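A, B, C and D label the chains in the order they appear, each numbered from 1.
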Amino acid sequence: MDKVYPSIDAAVADIPDGASIAVGGFFTAGSPVHLLQALARQGAKNLTVICQSMGPGNEDVTTLVTQGQVKKAVCNYPFYRSATRGASSPFEKAVRSGQVELEVYPMGTFIEKLRAGAAGLAGFYTPTGVGTVVEHGKEKRSFNDRDYLLELAINPDYAFVYAWRGDRVGNLTCRKTARNYNPEMAAAGTITIAAVEELVEPGGLDPDKIHVPGIYVQRVVKVERRNYIPSIE
Amino acid sequence: MNENHRQLHGLSRELIALRIANELEDGTYVNLGIGIPTLVSNWIEGRDIVLQAEIGMLNTGPLAAHGQVDQDLINASCQPVTELPGACYFSDCESFAMIRGGYMDVAVLGALQVSEKGDLAGWNNPERGFPERIGNIGGSMDLAVGARRVIVAMEHTTRDGDFKIVKQCAYPVTALGVVKLIVTDLAVIDVTPEGLVLREVAPGLSAQEVQSVTEPKLIISPVLKEIHL
Amino acid sequence: MNENHRQLHGLSRELIALRIANELEDGTYVNLGIGIPTLVSNWIEGRDIVLQAEIGMLNTGPLAAHGQVDQDLINASCQPVTELPGACYFSDCESFAMIRGGYMDVAVLGALQVSEKGDLAGWNNPERGFPERIGNIGGSMDLAVGARRVIVAMEHTTRDGDFKIVKQCAYPVTALGVVKLIVTDLAVIDVTPEGLVLREVAPGLSAQEVQSVTEPKLIISPVLKEIHL
Amino acid sequence: MDKVYPSIDAAVADIPDGASIAVGGFFTAGSPVHLLQALARQGAKNLTVICQSMGPGNEDVTTLVTQGQVKKAVCNYPFYRSATRGASSPFEKAVRSGQVELEVYPMGTFIEKLRAGAAGLAGFYTPTGVGTVVEHGKEKRSFNDRDYLLELAINPDYAFVYAWRGDRVGNLTCRKTARNYNPEMAAAGTITIAAVEELVEPGGLDPDKIHVPGIYVQRVVKVERRNYIPSIE
């Protein structure tokens, strides 16, 4: 098996209009920005984007919004914290105008729904969100005198993930907090595309230090590490 | 609107954080939310308290100084941080499994409103006017539900002098009945099944003054004292 | 009981395994169950097929030779194995998330009975007389439900000559309607919505002979041929 | 924090009668045999033991059975494969005579139930076991035209786990397939006791290669590596 693609653009070339895409990265850390940029070049439309944030620390996703490629977003922290900054953000405007549909979940529920999809489970009962707006439209059920909400699995068509090192068969090792959503999103995507800073031959990674088993990754592409100062201001 | 409002002077944000730091016990795991809670980290260096960063880290150290910044090492507010000996990294999914699973001894969270029943409203200020049911939930609901003890750190009233400690939350709630302790610039208040118990007041303030900026009726602790820092 | 039974001679267990190895495509992920399925690994060395060990490993290599044994490196049958380049380890929980999640292209499983609808019975032989609903389920039910393609590797009949390919499983089932291909010492049979299609017979056997040891009516493939190894 | 206990016996001393204990290890790999031996010395009774197997590759658990310490077992592969070997096994006899109650789950369901308990979830819907004896007494429900069973979380009082290396604050690094059930069981136990082959100071483990975050581990005890040939014959 050799899952390496010759270029970032080749790795995203077949993504069709209407696809759902889980995008790893927590604000700036571990974000597959190169893949988002390639998707902006590629131009697929009516996309559902599943990611933490649709702006702060994730400005490359904004291009998808301004180009009108996004139909729906599924997030846990979609907006800028600052109302002023938010008011001028393309995504917030698109949501307020109804151009983009938005679903928001608590962070733990958000990633657990993706994990459930990856793990072949239909759903799970979580205590998070009971008594809040998150209850809306969901089954509430009591187990051992505590209330829980039924949350259903999310099964995205694609996942964009990022890793420090990857091998040709798709095994990935992440670095520090750049791991974040990447392992579960990689597992959840039907087709998972991994951007890696360093590409090694099989055997080049410590097999006890692999955060994403290669079976979850269908495409690997080498990218250049960007250097930046983390910030969401 | 609080008609009895007058401007009371109390602790700075840094000292609210210090008061909370004093409340934390050694040997505990703690998650600090955005805002005043983050400042608590300035007061616990050298103590036997392990901080979790919900992005997926334990034993998070202080903010990274210039020249120390590692772009792959940030906290949930996207601030570059450092790692302490004994640190470990894990996925965000594992992080929230840990939070919901009851492993966080304490979560210190900010709030827009807290009710006398311990309901917490913090994730969405309706003044921002988002469409219904959306906003920046982030990790707040999981932390509020999962932590063994939720401490709220906030200013006692809004800038306009409106009550933030209320009979019933008017803002969208983060979780119901979860807050155990409220620490503000003016007071330290226990949330108990009997109601809100005023335990400490800021130097120079009376219980009556704190009551005047607090909507629900406060139970005055028989051992009421001045906040000691 | 199969009254038409007579002893038919077909492939050895090793050759059943070889026939299955030939069925596997390059570039696939495969889990091999206990028994004949394990023997498939002898026939795929050097091929571009990745074996999963459900204990929590991908790219499992051949059984460890003497002197190569690492007690921390075993397969699901507790046999010391080796690792190939590109191997990775993960927890059993992750392993079964992977299995249920549909990432296993093929699971090769043994069976006590397979029905014409593709029902698989393999986890519990009632002759052992365990109390109701217990026995060694192990990973069989997850694999049967989760793998994209389930291939059964088994002897065509029991040692007593009883049918193992049956109209309806009498033994406790592992999963319903999951088997896509049956490879025995006597035949290769596709499980299709129309019924069991006899695709290949062991050298020297006729379709009629295979039918005589198979309870459900077999559909004879128009391109029926001898098993080619 | 220093979670190191001075001895194996001290680490299990307080386990009360009636406790439930999840025991890591897949047959021989990563099995906390020293802790099981200490529990046999300690003598707690009416225990519920949650582990893969109650015999093959896990003979130390047999002592608990022969000493009458076990009331109930929760397993996925409880018995010897060989009927002959099984017939003479104390555990199989105890189950057949009704002395020990036994619950059996499919392997994936078994560990997922523990993971759910660890993760604060009440339960989940899994396709495994539909149409089999595993359905018994469970809710069956259809999602997207596929049937699933509702499986509830397991929350054991204690967990016994094993690791190659551990530090004083409870972080654990496992080795190869000795990882198996240990991470999720460690997370599931209210009090988790880890036996480690090598004990290091905090900072002595690669923080990107920790399979059990220290928060899950309450007690750490250093043990000597046993050397043996893996076998369940």
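Rule of thumb we're sticking to: a contact is a pair of C-beta atoms (placed from the backbone, for glycine too) under 8 Å apart; a residue touches a chain by one contact, two chains touch by 3 or more.
Predicted model only: the values in this text are computed from it and were never measured.
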item	value
Of all other chains, the one whose Cα centre sits farthest from chain B	C
Of C-D and B-D, pair with higher C-beta contact tally	C-D
Gap in Å, rounded to a whole number, between the CA centres of chain D and chain B	37
Centre-to-centre distance between chain D and chain C (centres being mean Cα positions), rounded to whole Å	29
Whole-Å gap between the CA centroids of chain A and chain D	33
Between chain B and chain C, centroid-to-centroid distance (C-alpha), Å	57
Two or more partner chains touched - positions in chain B	83, 89-90, 96-97, 99-100, 146
Chain A: positions in contact with at least two other chains	112, 115, 119-121, 126-127, 174-176, 179, 207-208, 211
Graph class of chain-chain contacts, one of line, ring, star, complete, other	other
Inter-chain touch pairs (all)	A-B, A-C, A-D, B-D, C-D
Chain B partner contacts - residues on chain A that touch it in the complex	26-30, 56-57, 76-79, 81, 83, 86, 95-96, 102-109, 111-112, 114-115, 126-134, 136, 164, 174-184, 211, 227-232
Chain A-facing residues of chain D, complex	112, 116, 119-127, 141, 143-144, 146, 148, 152, 173-176, 179, 206-209, 211
Residue numbers on chain B that touch chain A, as the complex places them	34, 53-57, 69-80, 83, 89-93, 96-97, 99-100, 119, 128, 130-142, 145-146, 172-176
In the complex, chain A residues that touch chain C	1, 115, 117-121, 167-169, 171, 187, 201-203, 205, 207-208, 210, 213-216
Complex contact set, residues of chain C against chain A	27, 29, 48, 50, 52, 58-59, 83-90, 94, 96-103, 146
